[in-house]
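Next come two complexes, and both contain subunit A; in the first it sits with subunit B, in the second with subunit C.
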Partner chain A sequence: MEYLFTIWVLVTLNFFLPRAMPGDPFLYLSADEGQEVARFSEEQRQYYLEYYGLDRPVAGQYLSYLADLLRGDLGYSLYYNEPVSAIILRRLPWTTFLVMAAVLLSTVSGTILGSLSAWYREKLLDKLLFFHLILLSEVPAFLLGLVLLFTFAAGLGLFPLSGAITHFASYSSWWEKLLDILHHAFLPVMALTIARLGGMYLLSRNSMTTVLEKDYLRTAWAKGLPQKRIIFRHALRNALLPIVTRVFLSLGSLVGGAILVENVFAYPGLGHLMREAVMVHDYPLVQGIFLVVTICVLLANFLADLVYRKLDPRIGDYSGIRGG
Partner chain B sequence: MSRKWLSIALLLVISLSLLLFGCGTDQAGDDRKPDGAKGGGQQPVEMIRLAGGDWGYPSPYAHYPRGPGIFKMGLIFDGLLERDEKGLIPWLAEKYEIKEGGKQYLFTIRDGVKWQDGKPLTAGDVKFTFEYASKHPMVSSYIGAEDIEKVEVVGDRQVLITVSEPNAAMLYNLGLTRIIPKHIWENVDNPKEFTKPEAVIGTGPYRLTDYNKEHGTYRFEAFEDFWGPGQRVKVIEFVPVSEEILAFEKGEIDLAGVTPDVLPRFQNDPQYKIVVNPGFWGYRLLFNMGEYPALRQRELRQAIASAIDAKELIEKVARGAAVPGSAGILPPDHVMYNPDVRQYDLDLKKAEELLVKLGYDRLDQNGIRQNQSGEKLSFNMLVGEEVRLAEVLKEQLAKAGIEIKVQSVDMKTRDARVRNNEYQLAIIGHGGWGNDPDYLRERFAGRSRGGLSPSASGLRGYNNDELNNLLEKQRLEMDDQKRKQLIFKIQEILAEDVPEIPLYYTTGYNVFRPAKYDGWMFMFDHHSLTHSKLSYLERG
Partner chain C sequence: MLVKIVEGGKEFSLPGKAGLAVILVVLLAAILAPYISIHPHNISSGPPLVPPGGGHPLGTDELGIDLWAQLCYGARVSLLVGFGTALLAALGGGLIGIVSGYLGGWPDKVFMRLIDIMIVLPDLPVMIVLAAFFGPSLLNIIFVLALFSWVFPARIVRSQILMVKERSYIKSAETYGAGVWYLLGKHFLPEVFPLVAVNMIRLSGRAIVAEAGLSFLGLGDPTSKSWGLIIHHATNFKGIYYTDFWKWWLLYPWLALIIMVISLALISRELERMVDPRLGR
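Our next item is the complex of A and B:
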């Protein structure tokens, strides 16, 4: 019920916010430098407004939008001339793939490096890692992307310059295609991973440091437990909690986070699409993308709850007590 | 202990780098060599690649309303006329006749033209197209619902179009409307949603063989039964690029737009050829004369024009890649450009004289001019992303005692406010300056009936009867030479009146490898090499 109400509020905001922007989708007086825009006569503009029902009272538009939404119809894009759901469905996997890979890599390597740092706190390794990762994390992802693009793709020619796949290629097997996709995704994923690595590293370093000083760890040492068990069962498991929170929170920004990197590598994701949709006032598409993002965030919250319960038995216990 | 952790980290690094190099060798053989020897003549090439990106399904109704979408559609669909370097040339119509002082157009349709599905093109298709396009405007539309009175098929090869009112630009508008097959479109009610494979069947030189929306790729193949000149390029592929210049240097694409900063990389190298675009894309400084009576004073506008140093604007903002605006509006590359109109070179003395004459004879403590009743020469200037341009302008006008407050908003907001006359001064930029000069009427006739953007609201607060008469006269003048004289006169009046100031027309550079392909040309009214259909065809 709560979730439903949240969704309704968001859907309503999604509907009215884009329409509050000045101008309409068919008003073009100007163009980006060097760009040519098709001429829209006043007559033609009226025709399109009517065609898409944008000349009707806003309340009526809102109601029919809600009705369509209930039937699972996200509408028809004004600019891209395609059903919104089809546009999103074909791009979402690319962005998801990019971001998931980056989240996974940055989390795993960030956690490992952070733990290392915490373990060797104040020693040379810690200082080196700390300095370099902080430095790296201050570089924005798109700049990193550009650097990677210029060195590894343009300079060394190890990777393709752009896109997600070799165009017009025919593959002899599925793994060849997979390899091609991985090859294309490598640099964008690296850019995103490195950009996130610093944050993850700091978080896990802090978290691990705190945990390592806890009494129960001293107890574990005193009990003479094997080192492996102490690190993985006692220290890391507790240190992981804030990291997991961070990962799930960042899932919400899934679409937005990849925009700049997608732009740098001309990668076919949702981020670039979102920017375009807002620029050209493509109401149905803007609504559709925001709705998908909303659902992603809610889903991530839900998942976070589940994982938390698994990871931290205390939470389950409390709710059990409350419930009983 | 520490060794263990280290070895894990090391393993990670090694496996990553393995992946890196493993992938690297994979693509090593991908370097494509430029084929063929350099030479004259018109050798055909197997394939060229150009910068892609998604510009929509290339049917006349589904592509996006942007240049790259329009021309891709144009590779598949023909008009009755086409554009070469000098003007309109016969295309699907082998000849045409203008009758009744511009009220009627008789087109003779070429024989033996085939649609890409094998059916023959008929005069019925042409009639159908104009009727359909009047009802459902195409994305890149040249004709409105009211423009055409009726279309008749005469005999089996001729089409007689009667227009609502004579207009010299009508030949261009009718001629460039893309002809669509009746047998495919006659039952389509929602043309914008019609994106089946049949929707991209035209009579043009290229067939669409592949389109991927999310990757932004297109592949066009020469249509074997094309009626017209042979295709010099057999296959055109559009692929997305991240950095156009990098992609060009790596041979991934065969033509690239170059900014002045990287031009030296390609200069003095016989491998490359650099071509300068004609200036058909320009920035305009608009005056809201309807709401602000002060701006109705011609001398004030002239003074502003005299205080602007277009050369500095071009140097500082356009990095040299532009030509100064002509006070007569039409750019120097326009076929009807009048080179003898009055121009306003930087002349602060002149500006001062004019302003003093208007009564703005004293300066306040900030150096802003004002008149006896304390009215200051201070204006808001509405811009989109052209902040740099606006800031340089602000400095220039400050020297003449005119204060400018720059207000920057997003593009759509600026457009909406200009349209609704909610501004004092504004800068907008757009293309199409090479088009039929009838756009001068749409911009400046005080009693314009709306017409096409970018002057949808008509120009309020400005009315010059002599100009209006001339603008009306040129519309009715079907003789090109006589019309040119009228357009020359119109430019003279505009240069005196300064109802707006064209700041500069951007040019820009293209670079390509002539050894790979050298068929590039500009249409007489357009600034892009790749957008011309004839760029890909054999030339007679």
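Our next item is the complex of A and C:
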């Protein structure tokens, strides 16, 4: 319900933004590349007003806009001369791939490091990990990406400088293509993963520490269960709950990071496209990407709510959920 | 409690002290920018792309503008955006937190729902869209960043007010006929202020990073040369990958940003631990 309402707010915002913008559509239509301003006659003005449906009352425009949206019509890109939805669909998989890979890698490695740290609390390993990962957790992903790009791609030449696949390459088999894609995606994914690692580490360290002090763990020890079983079945399973929540809560900031990182590596995802669209003033495209990205994040959170309810039967109190 | 924070500077651990020192240096550089930058920050003062040394301590960019001067003036932008956003967010968020926590009922419900939504909403796409439509002035950027930051002080203030509201000294003050404004000024604000002040440091760090990201995309205020904008120009330079120019042109603004953000984080971590041991993660 809450999510539906939010989506409605976003859609409405999206509708009114261009109308709230200073200026007039005719200024943009008539000035080509900022070169010369062609003047419209009153007849032409009327024609275009009618053509774009701008002569109708705002409410009517709004309704037809909603109807278009429901049919998946996001408008027509001025720059690429293609329906916005088609362009977005082509670029979306790349971004999804980056984000998913980063979520997976950072969550798994963060949880392992955090659990190690909690297990060896106050020992040397814990202190070392804690200090370094805290520093690392503050570094934004795109700055990390720049370092990776300049050392491993530009400096050492180990990775490609930009793009997602080698252009004009012909592959003898599908796994060669896959290898090429992974080769291109490695650095961007690493940048996103490392940037998120600190946060995941801190959370799982915290969560694991609390769980390790619980009574049922003492019971498990007293029963003489093997250490492996205690760690994986008893401790980790319970410590994972807040981590799952956090993964989805922080999806928004991860997407923001991905937009920037894509631009560092010129990775052909939605983030890179969005910047290009802004640069060429392709407003329908900018708005389309904005809607798709935010709605995807909201949907992911909605799913997370459902999953979380299944995972934790005690749901109802919000104590486990912390933003930040 | 505020005095305790100030005095707490002495109790800082080594990383905390280092962070404090860095921020002071940046602050000084920003204030004294016209005096310590030998060359102008906006017009060319030498041949382009000179490596550090000689007349230009940190070298020059592709237009021959001194980098050291740009960094000094860029510090102004970063600090302005950081603290401006934090202040705006703390004021707005604090107000909402007070209303929500003290009144309860439907305003509380509405604000809590709003906060839940704001937390999951990705901020960067919204910022890009707003910057694209309303023009990337510094004021707009601060405003948009604050729009996404008020959530944190609001939550802190609300939970604090909820806790303090039930204390017996507030109850007894109420029975003596203390009004809302009296309670606010005398009891709530002093309790809430230190936590919000500490949170502001964290918020300014986030804002500085966000501004740098927007500028890096080329969506920052083009008239104010921030550190992110220098990085934007450097990475958009055609031969940057194949030459040595990045060794100063890109490296120094990058370092400045990283050191600044980490210092702010160290300070806020230190203060959080001091003000409320439970807040420290």
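Definition applied: the second predicted complex is superposed on the first by the 245 of 324 C-alpha atoms of A that agree within 3 Å, B and C clash if a C-alpha of one lies under 4 Å from a C-alpha of the other, contacts with A are read in each partner's own complex, and residues count from 1 in each chain.
Methods note: a residue touches a chain if its C-beta (ideal position, glycine included) is under 8 Å from a C-beta of that chain, and two chains touch if they have at least 3 such contacts.
Given the structure is predicted, the values throughout are model-derived calculations rather than measurements.
Once the two complexes are laid over each other on the shared chain, residue contacts for A:116 go to subunit B alone; subunit C is not touched. In the superposition on chain A, A:170 contacts neither subunit B nor subunit C. Subunit A has more of its residues touched by B than by the other of subunit B and subunit C. After overlaying the two complexes on the shared chain, residue contacts for A:279 are found with subunit B and with subunit C alike. When the two structures are aligned on the shared chain, A:290 is found in touch with subunit C, with no touch to subunit B.
In the superposition on chain A, A:90 makes contact with subunit B only, not with subunit C. By the touch criterion defined above, A:80 lies against subunit B but remains apart from subunit C after alignment on the C-alpha atoms of chain A. Shared contact residues of subunit A with subunit B and subunit C: 21-22, 150, 153-154, 161, 264, 279.
Within the complex, the subunit A residues that touch subunit C are 2, 6, 17-18, 20-22, 134-135, 137-140, 142-143, 146-147, 150, 153-154, 161, 202-203, 206, 248-249, 251-253, 255-257, 259-260, 263-264, 274-275, 278-279, 283, 286-287, 289-290, 293-294, 297-298, 301, 323-324.
Against subunit B, the residues of subunit A that register as touching in their complex are 21-24, 27-45, 47, 51, 76, 79-82, 87, 90-91, 94, 109, 112-113, 116, 119-120, 125, 149-150, 152-154, 156-165, 167-168, 179, 182-183, 186, 227, 264-266, 268, 279, 281. On the side of subunit B, the complex with subunit A involves touching residues 1-2, 5, 8-9, 12, 19-21, 23-24, 26-27, 53-54, 56-57, 61-67, 69-70, 136-137, 139-141, 144-146, 192-193, 195, 210, 212-217, 219, 237, 239-243, 246-247, 249-250, 252, 257, 281, 384-385, 410-419, 428-432, 450-454, 456, 506, 508, 527-528, 531.
Within the complex formed with subunit A, the residues of subunit C that make contact are 113, 116-117, 119-126, 128-134, 151-152, 155, 205, 209, 212-213, 216-219, 231, 235, 241-242, 246, 250, 254, 257-258, 261-262, 265, 269, 281.
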